[in-house]
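Below, each structure is written out as structure tokens.
Paired with chain B in one complex and with chain C in the other, chain A is shared by the two complexes that follow.
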Partner chain A sequence: MSVKTVGTPEQSREPELSTTTSRRPAGTLYRGREGMWSWVLHRITGVAIFFFLLVHVLDTALVRVSPEAYNAVIGTYQTPVMGLGEVALVGAIVFHAFNGIRIILIDFWSKGTVYQRAMFYVVIGLWVITMIGFVPRHLINVFSH
Partner chain B sequence: MSTATLDAAPSDADAIESFTVTLIIRRFDPDVDDEPRWQDFDVEMFATDRILDALHKIKWEQDGSLTFRRSCAHGICGSDAMRINGRNRLACKTLIKDLDISKPIYVEAIKGLPLEKDLIVDMEPFFASYREVQPFLQARTMPGAGKERVQSVVDRARFDDTTKCILCAACTSSCPVFWTDGQYFGPAAIVNAHRFIFDSRDDEAKVRLDILGGKDGVWRCRTTFNCTEACPRGIQVTQAIAEVKSALMRGTA
Partner chain C sequence: MTSTTIDSPRTPAGSAKRRGVNWEKWGWVYMRVSGVVLLVLIFGHLFVNLMVGEGVKAIDFAFVGGKWSDPFWKVWDTLMLWLAMIHGGNGMRTIVNDYARTPVLRKVLKGAILASVVVLIVLGTLVVFTFDPCPAVSADQAHLLPSFCPAP
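Presenting the complex of A and B:
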């Protein structure tokens, strides 16, 4: 019989000898679900959009300084690197917009908290659809110049 | 014939499969350690055992210095909330069979409250927030002599969900806002305020709404739903917070 003799003290003390201590002082990452990750993404995209708007206000304000300076700066935006940056920018804004609607519904719609998880996947779905519509056309424009 | 079946019975009991489960526990002894450290333990467990049983086995058979809280061990006292595989759970309600034991199980103290030793945190900030929302009945009218305060079934059902709280702090210590800003009242305090704000017998909803409408109150909630997911009693915590928010916006409970 393969009876396990776990209860005896001699046997159970055995593992203590082989006990290893791994030094990893930090705790594990909290494994939140859709709600937490949607919040993390909302924060990251929000901060990214804020910095974009800051730069955008500054470069647009350049037109008051001199139209030549404005044209020079806008000219650098026509590069493929900036074109890819625009994909990221639109991706961030589209997620932030759709997830913003989700958050408004959670706060103001009485059933919002019940359907928050489903709404997160709707947000992801709408984001994918929007990006499928935008990215190919945008990249054709960027790389055909 | 009959003896054969009697003989078969104990061997069936022996045949219950047991597994070697590896627990990696985040230890911290304030007298010795500067930083918490991870320590591995191998324990022999049945599928129907709980994480609390594993902790007991370690404490009783392998390392008596392992420190954790537990009282009733049946999911009602709220003593043994801890982070199991990265999620806040009660050790006494987490079965081995519900975890992936092909990988080690990580057990650590709940987050956001000061770590005292091993799996024990200082719960005082948590209970201070709880006390601040005045979690007790405050009625200005007296019931008739020898009578109770009458409440309809519908009125009772209004706050039924939030009466289930056992103050284990699983929700509050799962909240990213609470981790970074310990001033936030946290889900548990709001749940217990909700329980009295929406109680038809209570007359001080306004006071509690004023407290929760402040800068460390419900508006700190970012609806991550970690609290709802962590609650061992299945309380719809985020829903309760949302109801307090909307009561604040409408100005009435």
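Presenting the complex of A and C:
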């Protein structure tokens, strides 16, 4: 949630605030570098998914209007432009999901804060692998047939 | 000379003694529990709708009719709807608390979030459970229905 300081293991590897001339406070999980950027991305993707979901429940609700109305709207999901938008959406979800697991591990795993930076790169790695599995197949579906 | 006392970092902003349920804590727990379940539900949803067969190109009324003839997908989608709307709504509330400065703006934004979450959960749940895969349609639309529907 807000600012959170890490436990002793991380601090002992960085100089004490009093012994460094660096302006950046040492041993801060959410200020600067990987810890901060993962938080920024988590927040932006969370908001984006939320607004998508609002629209998505409404477009799905058209199945109760008529088959024709539903097909007309879902047809727009099948255009090339929306196909690229779906790549962005899936990319956002996959990052938010994997980084969410990282947050949970930071909170509950005793070594979580020590490895938060390493886990960020694991999240990026898993994201790349998932997207390699998804994007080509999806784009073939969108741009052919 | 009067000395200023500075509160220790974790002192709550409001009154120090609070009683009753710690909602903020349970919200925190909820974000984590729902997150893990949502990972499975949403990845499953995306896999079946985007990766299997022709992916997004195969989605139409008949596709939804096929899925929602099966109670398994009805429960799956309803669970996903409730968990995701509440998770997202609670997350948006945190963000409003962080950035909205005036009490009025906070009230308005959080009211809007709550209203949209409640309305969409009710709407989405009704849609799943009142859905009819074979509605009465005019003859020129009959081909849009799932293949298992009786010929009109």
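Definition applied: the second predicted complex is superposed on the first by the 114 of 145 C-alpha atoms of A that agree within 3 Å, B and C clash if a C-alpha of one lies under 4 Å from a C-alpha of the other, contacts with A are read in each partner's own complex, and residues count from 1 in each chain.
The rule we apply is simple: a contact is a pair of C-beta atoms (placed from the backbone, for glycine too) under 8 Å apart; a residue touches a chain by one contact, two chains touch by 3 or more.
This structure is a prediction, so every number in the text was calculated from the model and none was measured.
> Thinking of the overlay built on chain A, is A:33 touched by chain B (first), by chain C (second), by both, or by neither?
The answer is first: A:33 touches chain B but not chain C.
> First (chain B), second (chain C), both or neither: which does A:67 touch?
So A:67 only meets chain C here.
> Which of the two partners, first being chain B and second being chain C, lies in contact with A:141: first, second, both, or neither?
In the superposition, A:141 touches chain C alone.
> What is the contact status of A:83 with respect to chain B (first) and chain C (second): first, second, both, or neither?
second
> So, A:91: does it touch chain B (first), chain C (second), both, or neither?
It touches nothing on chain B or chain C.
> Which partner does A:107 contact after superposing on A: first (chain B), second (chain C), both, neither?
both
> Considering only the touch criterion stated at the top, classify A:50 as touching first (chain B), second (chain C), both, or neither.
A:50 contacts chain C only, not chain B.
> Both chain B and chain C touch chain A; at which residues?
Of chain A, residues 1, 103, 107-108 contact chain B in one complex and chain C in the other.
> Within the complex, which stretch of chain C touches chain A?
28, 32, 35-36, 38-39, 42-43, 46, 50-51, 54-57, 59-62, 64, 81, 84-85, 88-89, 91-92, 94-95, 98, 116, 120, 123-124, 126-127, 130-131, 135, 137, 141, 144-145
> Under the definition above, what is the set of chain A residues touching chain C in their complex?
My answer: residues 1-2, 43, 46-47, 49-50, 53-54, 57-58, 60-61, 63-64, 66-68, 70-71, 74, 77-78, 83, 86, 90, 93, 97, 100-101, 103-104, 107-108, 134, 137-138, 141-142, 145.
> Spell out the part of chain A that touches chain B in their complex, as residue ranges.
Residue list for chain A touching chain B: 1, 3-4, 6, 9, 12-13, 15-16, 18-25, 27-36, 38-39, 103, 106-108, 112-114, 116-117.
> Quick check: in the complex, which residue numbers of chain B touch chain A?
Spelled out, the residues of chain B in touch with chain A are 11, 14, 18, 24, 26, 35-44, 57, 61-63, 83, 85-87, 106, 108, 111, 174, 176, 222-226, 228-229, 236, 238-239, 242, 245-246.
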